[in-house]
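Each structure below is given as structure tokens.
Okay, so subunit A shows up in both of these, paired with subunit B first and subunit C after.
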Partner chain A sequence: MTSILDDYALMSPLRSRNNWLKLMIVAFGLLAGVSATSPIPPLFIALCMSLATLLLGKIPLSFYLKLLAAPLGFAVMGVLIIAFFSGSGAELYSFNLVGYSLAIRADGAELASLVLSRSVSGMCCLYFLALSTPMIELFSVLKATRLPDSLLELSMLIYRYIFVFLDMALCIKFAQTVRLGYGDFKKSFHSFGMLTGTLFIRSWEQGEKLFISMNSRCYDGKMMLFEARKPVKAPEVLLTSMYFLSTIALLYLTRGVSVI
Partner chain B sequence: MTIIETKGLKYSYPDRTVAVRDINIKIEKGKKIAFVGQNGSGKSTLFLLLNGTLKPETGEVLFHGKPLKYDSKSLREIRKSVGLVFQNSDDQLFAPTVYQDVAFGPANLDYPREKVEACVNRALECVGLSHLRDRPPHHLSGGQKKRVAIAGVMAMEPEVIVLDEPLSNLDPVGADDIMDLLNEFNHFGSTIIISTHDVDLAYRWSDYVYLMSNSELIGEGVPEELFRQTELLKLAGLRQPSSLEVYHELERRGLACGYQSPKTLPELVNALRPPELMWVDAPPGIREGDTLNLGILYGEYSPNSPYEAVNAKVLHIHPEGKAIVELKRRSIKAGGILLYDTDSYSYPEILHLIEEGDITFVGAMGKKSKTLAEEDGIFLDVTTGVIDKSILTALCGKRCMILTGGGMVEHAFKRIREYVEMSGIELNVGVFNKEEGLPWIEAFEDSVEVFRT
Partner chain C sequence: MFTCYPSIHTSNGDRMHIMEGFLPTPWWQIWFAISIPVIMYGIYKLNRLVNEKREILPLLAVAGAFVFVLSALKLPSVNGSCSHPTGTGIAAIMFGPAISAVLGTIVLLFQALFLAHGGLLPLGANVFSMGIVGPVVAYLVYKAGMKANLNFYVVVFLATALGDWATYVTTSVELALAFPEPVGGFLASFEKFAMIFAVTQVPLAIMEGAVSALLFKYVVNLKSDILVEMKVIEESVVRKLRGISA
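This part shows the complex of A and B:
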């Protein structure tokens, strides 16, 4: 079975911390990152969040870097385009490409570094949440946001059966592969069609079995949700407030400071 | 006290195929009940009828003597009292975490929060999974999933727990865990009903067994008596429990005391008869460890066949010309096995062979031969493990015929010859209908075998 983000979150020691605290930290990080006018505070946020994920959350470094690499690749591409095609002011660097002159100007570089740092901080914040709070913890948060019960129940059932069907799909895929179902392009096409068709029928059957099994346990429109009480402890408050205060101070001090 | 009773229960699927018919059962409180039958014999459907998920076409289900009603209030009652554990745990575990799944039942029974928590904690403790309460089910092993499923039912504190194939897809250790758990629940007063096709399990574990075949109940009784009836088992497409099979073979050879039904290995060992020792006059020149030929016994001294040759091993020589010997008896008239090649098959010929050759035991090997025999209504005593069973029968002095075709004839012949060479017991083996085959009937003419020790 493939390992997915949710599995790391389930194993993380940060899972047992208060969900609202984690959400608050992430929300604060996102807002602070976006409202910064200098690249320094977002980079500070990214650093803090990464450290928290790696040291407190015990996520392996190699896995974390691999996760970051994908969105970072996109961000860098976008940032390069911004750097070359926007802004005015002093020319920092230029070269000729088949008769066209391409140049990075001071303004453009400033904007590009800001965008890059903001996106990195955003990514780090979201990964902190994804790697410390598994879906099953978020259900109780969703409950508190007064989402309709039926929607919530449905999402809980869907969450559970994603894994059942994932397993099923992997098994079918494997069974097809060992009988050379993916030998060439045409066969792969055919096999994949069969896979999806079978999955559809299986999920239909599963739905009926689910109905019976829920009924035989007296289903009455109630899925229990238990938010385990996880009080916020003093060290957590201390650490969080230190982080908040230093970020705010940094935001204030670096108003309009440019790095170029 | 009868807790569940059914009267003339019948149910068919929407496409009119009958799933169960004419089911009359009476389940006593606090018992361990097993429904045994092949896959597709209607066990699962019967279970869904018992907790009111399906409504019978005719007949009724009585719970504590009162007929089941199918309004939602009565259904809640019956489902609380009769907990159902499904064969595939993934059908049953639908909540995101173990805790939520176990809490599902009690929460839907409108228990107050504290009681729900108490129920869940107790159930999880019972199955020994308290430490996994916050895990999602897809992080659990097959055995753990099954235990969570059982806990989910236990949390509702049912009077009867019904488990459909509780041991399917479990490793031996996981299976033992589940059975221990069920025994424990039973010890504390729950009535447990399981379905299984594992005859060994049903024989060993249950207090009472119902045998199902082709949507019908074909037999019931305490396992010791029910599993003796080999005819009935064959009808249900099942074999005898292996401990009972071993015991019967031992009993037939006089190595075990008769009329017992050992369930476990120790019981089997207890049934064993010590070797027969005897005082004899010691011929001159004999030493301890030698083999002594005592001649032939017949009549009531040889219980297993008309004649028995008796050899004895000298264990101890007494000073006054007496010796203690251990008896080794071999039936002198071993039976024979005829292999009939069904590649060229003729029904009258087989009938003739059976009659002329005094054949009392017919087996068929291979799908084709079985079909041929079935079409012509030849009664087959055995269809699985044919060679072994035929050898065992021949050893008791009977004559057997194996219907088989293709390359299987050589294979069977070789297997039997190997046995003859290994054991030193001269069985008659013949091949009929094969070009280079032996004319078996002539070879059978009361030839007295060489008796070897």
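This part shows the complex of A and C:
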């Protein structure tokens, strides 16, 4: 993983599409995925969103697969707990582990597969948004909602400074590494503390400078954002509604259907 | 065009935010319902603070960015596993828990969108554990420790370590509530989730505490006026600390 998802979003061809449409697609996918009672609709959503990200968003396949593999650690751990401990029906598979007998039961496995498929579909929706809509575009959407101004200002400033500090942190880290600052555990502990301390002081000074420079440019607590108009086109509406309708149909048809 | 961040990891590693789609239907709404009032209160406090002292907004912004960058860095660890600090404990000590909740919310949203840590639907649950419970615990421990006149660095260590750990205990509670066992119910499944999510976090919480204490040591030595200005510590404490550490 060598870059932040936002870098890809800035270059995505989907960036020029309507923000509200993209948000609607993602919100629909998330909600439909979470309210599914069978693993089939979430997997369908995951497939559609992945195809959209890969084909329409032109994200390299290998990068996308690496992204999907990243959160699997959490998913697998949680799902294993659910599979082993939350069942009460017939045993599917069991083994002995230092005196404890562990068993996967039918309903535990069912719940686990449902949770896993929901997570995968959620991740695909999230990646679709993250890889197609840069944060700057989302800010103009957020401006249109009635969220408090101070919150938005704060998030925009945080967004801007994330990149400054990431670069700063990496420069310091490189400098420390070439001086063998991470040679052993004790050294790396000290280096890391020094890194965070310096970063904190530097970011604080940066904040003071930022206040002076913004004040001298008549900052009154509101930054104006320019929003490009991106009308929704007919093929987009057609594709989106086809996706929505087929997902809803699938949700209806697979009520309570289990795969195990 | 592509900026390289070799040591910034997109992998979830040991950082346990609840991922997208993991929480079933009643629970993600419930955690939103619990978190939103707290965030609203935080925004109210924030607005009041900003109206009173306008120069505080840029400082809060860099503090938020600092928390994000901190959480994207890898902590050094003994066994080679990778883990990230949460950083919200430091924010709680500096700004208090209400504003930390707002900062935590923004940071979690950015983490979901930039690093694929956490997600949008479980945002409420993640805000509750990392943005509310963690900072509140850290803040209470910090206040209690300072009142008991303990060494400042020891207090920072305890506050951030316990705050970090409380975050993961809360995550286990959230997961156990969502997936109770048919036999033992909530308690039985809490035991399992806590074993994986909270017990494994103990060494990492200790690391985070130690690093935070070291961070404050550098800040006290180099630029203690920040801390005095924010009323984090008193001038006399700084003088005493410098006397010891110089």
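Assume the second predicted complex is superposed on the first by the 233 of 260 C-alpha atoms of A that agree within 3 Å, B and C clash if a C-alpha of one lies under 4 Å from a C-alpha of the other, contacts with A are read in each partner's own complex, and residues count from 1 in each chain.
One rule holds in what follows: contacts are C-beta pairs under 8 Å (C-beta built on N, C-alpha and C of every residue); 3 or more make two chains touch, one makes a residue touch a chain.
Keep in mind that this is a model prediction, so the values were computed, not measured.
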{"item": "Partner chain(s) touched by A:42 [first = subunit B, second = subunit C, both, neither]", "value": "second"}
{"item": "Which superposed partner A:123 touches (first subunit B, second subunit C, both, neither)", "value": "second"}
{"item": "Partner chain(s) touched by A:214 [first = subunit B, second = subunit C, both, neither]", "value": "both"}
{"item": "First, second, both or neither for A:192, with subunit B first and subunit C second", "value": "second"}
{"item": "Chain touching more of subunit A, residue-wise (subunit B, subunit C)", "value": "C"}
{"item": "Touched partner set for A:32, first subunit B, second subunit C, both or neither", "value": "neither"}
{"item": "Subunit B versus subunit C as contact partner of A:222, first or second or both or neither", "value": "first"}
{"item": "A:201 touches, of subunit B and subunit C: first, second, both or neither?", "value": "second"}
{"item": "Contacts of A:159 with subunit B and subunit C, given as first, second, both or neither", "value": "both"}
{"item": "Which of subunit B and subunit C A:104 touches, first, second, both or neither", "value": "neither"}
{"item": "Doubly contacted residues of subunit A, that is, touched by subunit B and again by subunit C", "value": "7, 135, 157, 159-161, 163-164, 167, 206, 210, 214-215, 221"}
{"item": "Contact footprint of subunit C on subunit A as seen in their complex", "value": "1-7, 11, 26, 30, 33-35, 42, 67, 70-71, 73-75, 77-78, 81-82, 85-88, 111, 115, 118-123, 125-127, 129-130, 135, 138, 148, 150-151, 153-155, 157-167, 169-170, 173, 182, 185, 188-201, 203-204, 206-208, 210-211, 214-215, 221"}
{"item": "Parts of subunit C lying in touch with subunit A, wherever the complex brings them together", "value": "1-13, 16-25, 28, 43, 46-47, 50, 54-55, 57-66, 68-70, 72-73, 75-76, 78, 90, 102-103, 106-107, 109-110, 112-117, 119-121, 175, 179-183, 188-189, 192-193, 196, 210-212, 214-219, 222-223, 226"}
{"item": "Interface residues, subunit A side, partner subunit B - complex", "value": "7, 10, 134-136, 139, 156-157, 159-161, 163-164, 167, 206, 209-210, 212-226, 228"}
{"item": "Of subunit B, residues touching subunit A in the complex", "value": "48, 51, 53, 76, 79-80, 83-84, 86, 88, 90-97, 99-100, 103-105, 107-110, 116, 134-139, 152-153, 156"}
